[in-house]
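Take a look at the following structure, please.
Chains here go by letter, A, B, C and D, matching the order in which they are written, and residues are numbered from 1 within each.
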Amino acid sequence: MDDDSPYARWEQRTEIPLFLASLLFIGAYAARVLDVSMASGWQRLCEFTMLALWLLFAADYLVRRHLSGQRFLRFARTHFLHTVVVILPLLRPLRIVPLYDAIQHRQGEPRLSLHARVIAYASLSTLLLGFTGALAVYQQERGAPGATMLSFGDAVWWAAATLSTVGYGDITPVTTGGRAIATVMMAGGLALLGAVTGSFSSWLLQIFSSESDRRPPES
Amino acid sequence: MDDDSPYARWEQRTEIPLFLASLLFIGAYAARVLDVSMASGWQRLCEFTMLALWLLFAADYLVRRHLSGQRFLRFARTHFLHTVVVILPLLRPLRIVPLYDAIQHRQGEPRLSLHARVIAYASLSTLLLGFTGALAVYQQERGAPGATMLSFGDAVWWAAATLSTVGYGDITPVTTGGRAIATVMMAGGLALLGAVTGSFSSWLLQIFSSESDRRPPES
Amino acid sequence: MDDDSPYARWEQRTEIPLFLASLLFIGAYAARVLDVSMASGWQRLCEFTMLALWLLFAADYLVRRHLSGQRFLRFARTHFLHTVVVILPLLRPLRIVPLYDAIQHRQGEPRLSLHARVIAYASLSTLLLGFTGALAVYQQERGAPGATMLSFGDAVWWAAATLSTVGYGDITPVTTGGRAIATVMMAGGLALLGAVTGSFSSWLLQIFSSESDRRPPES
Amino acid sequence: MDDDSPYARWEQRTEIPLFLASLLFIGAYAARVLDVSMASGWQRLCEFTMLALWLLFAADYLVRRHLSGQRFLRFARTHFLHTVVVILPLLRPLRIVPLYDAIQHRQGEPRLSLHARVIAYASLSTLLLGFTGALAVYQQERGAPGATMLSFGDAVWWAAATLSTVGYGDITPVTTGGRAIATVMMAGGLALLGAVTGSFSSWLLQIFSSESDRRPPES
């Protein structure tokens, strides 16, 4: 019966369009950062698109707050991830879980096991965090004096080494802005990686236990 | 009925003033370390404040030992964290748990879930450890020959890379004192990060399980 | 009764020969990469062996798909690890679990405990990932301008520092191909290490609990 | 009744003397490695002491094998840690668990909780692994061309950065021997650290849960 509330109906209808909008947002941001020789008109278009999409996300947030009937601060706390992705729309695809549920719902297929879903979600989130983090740090570092991050390929390699906590240090951010974004990436990446490794470990234990049970002793 | 013992009443009355005193201690230490051009009189004031606050913390510790009625060594062992923060007052805000409980108690608000509280506590502790560790290492490294840590911003960036175990190595302590503090930070940071990632992983599994249950199959 | 299905009988008969074939594949690859002064004829032989073995693995995969009676995409998803090792035959020995089960089955020996088996499997997989990863990255890096990985010993040392997430950064890949392989190694290594440490932690807790129980109080 | 077997009695009588012998072994090794200006006679004495102690450990191992009544390979497998510390006597103090149990046994004191004991054991093992590893790597690196590890202090700092998986890379082993020992340290350190962080995380969750229960709601 919870599925018939106005909030749930709003969520079911808007989830997929908003997900596509968030991919467009990332695309516009990536084009703006990576294509340095872009004509000024296209640059304006990218920036305008990002602003329009951000207003759309903010409007969706306000509608949801209204439909939920909660006070503002309480809504912000109980919908913590939602609040974060309105402020940092680059991370909006992290809301992929309800989307995935929605798609599964329609197809009626057997769902993945709990551990496999946590692994899939955390892996996708790590990829997204790495890609958008590499973009954002590259934007800060480009042209900075003494920068070791000279191309977007370097930025992706740096992001991989950072999120896996390997941290070679052959490429590191040198600007204050780049380091601040990197610190947020470290915090988020560590939590997500912990979720991946923890779930993988549980999953492996489960596979090994079930294998023991399956194989009966020979008589 | 435990709440009516003299020990519990002492704790309830002194927790918040002592927490504020510990913030003042950190503030005085930060001012002493960071403001190198401070007039000699202000330097003396900072040092005097720190000494006075430390005596206050020691007095509180002795009063608690007396109220608990335990022998000294036994009290030191059963109140391990308390003993640590008397020796290293910079870490005193780690005792934020009872404070948080006290505040929640008064407001009567619904409490966060267990995992959320562990994550919040461990995250705050990591931030505090990073900030005070950066201050202490910076104090050791400043002016050392061959130092790569040239500003407090460098020290904070180094602390973030160390506590997340990324360890780029672009900035590293070179003095014996700095390396000793860094080793303590590594040990503490690893334990806290393990608590954050472990709890986050359990929490995510819990969210995913409850989501599976909530959504009934369509008929 | 599952053991009498055509699929299970095929698996029991082919597991050991295919495992030996995968070791031969790795041997041929290692010889091709490491022996730079190899005569052209031997080089051709190595490459031919690898191609023939890969065709063998692909044929085995198709036979299994047929015996399972599943559609292609479904088989690829339910036999995920199998699909991966057909595409990347260097990782084929990861299928060592069924082999180990088969050997244990014949000898009828008492099996290791669950945790010990997960630790053994994840450790062996980490070793294999490190060795084949070092080979593959070394092949990419050899002779690249500015490369710091000058010998296969360097590559093995780099692989150890990467899979343990220590990441000194004294030796790092500089080519795009080497960095791509390194990123895959980081992801796989983190998951495996999480499994090792998680299982070891549970195992230690189990040993300590059983030790407490074993020792009765003196009367 | 297990405590009255010849094996258990042998263990109870020899545990403490053998632990002291292992500390002497580490002391002799440390003196031999660190005191480069030691007279030749003292060097011989250190080496002779180490050889004699190693023979003592080997004899103890053989006696235990005899008392257990097991075949050699089976004994080596069921007493895995024991077999390791006979081959690498520097790690012998890892057998501190039975010693600790023995001491607790005599004093009859209340024992630490399970998690606290795992944390204490894994922390002590990490310290021991770090100290002996730093000694062994320093012995390999001293005087090697291009070495960055110039003093034993550098070796200890390197060991701390390695065992915590921070891995700055300001100091790294360059000899094959040093790198081989470092790889073993990484593997051992990761397993132990996983045990520390996992137990600490469980312990923190336990403290927080019990705190919730203790504080009754106000009426």
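In this text, a contact is a pair of C-beta atoms (placed from the backbone, for glycine too) under 8 Å apart; a residue touches a chain by one contact, two chains touch by 3 or more.
Chain identities (UniProt): A, B, C, D = Potassium channel family protein.
Just so it is clear, the model here is predicted, and its values are computed rather than measured.
Colleague: Would the interface of chain C with chain D count as same or different, where same needs over half of all numbers used to appear in both copies?
Modeller: On the two sides of the chain D and chain C interface, the residue numbers are mostly different, under half being shared.
Colleague: Could you work out which chain's C-alpha centre is the most distant one from the centre of chain A?
Modeller: Chain centre farthest from chain A's centre: D.
Colleague: Look at interface B-D and say which pair in C-D, B-C or A-D is its repeat, using the rule that over half of the contact pairs are identical by residue number.
Modeller: Over half of the B-D contact pairs recur in C-D.
Colleague: For the identical-sequence pair chain B and chain D, what's the CA-based rotation angle in degrees, nearest 5?
Modeller: 90
Colleague: Give, as an integer number of Å, the spacing between the C-alpha centres of chain B and chain A.
Modeller: Inter-chain centre distance comes to 30 Å.
Colleague: Can you list the chain A residues in contact with two or more other chains?
Modeller: Within chain A, the residues that touch at least two other chains are 161, 165-169, 193, 197-198.
Colleague: For chain B, which residues are in contact with chain A within the complex?
Modeller: By the definition above, chain B touches chain A via 153, 157, 160-161, 164-170, 193, 196-198, 200-202, 204-205, 208-209, 211-212, 214-216, 218.
Colleague: Which positions of chain A touch chain D when the two form their complex?
Modeller: On the chain A side, the touching residues are 165-169.
Colleague: State the interface residues of chain C toward chain A in the complex, per the touch definition above.
Modeller: It comes out as residues 2-3, 97, 101, 105, 108, 111, 114-115, 117-118, 121-122, 161-162, 165-169, 172, 176, 179, 182-183, 186-187, 190-191, 193-195, 197-199.
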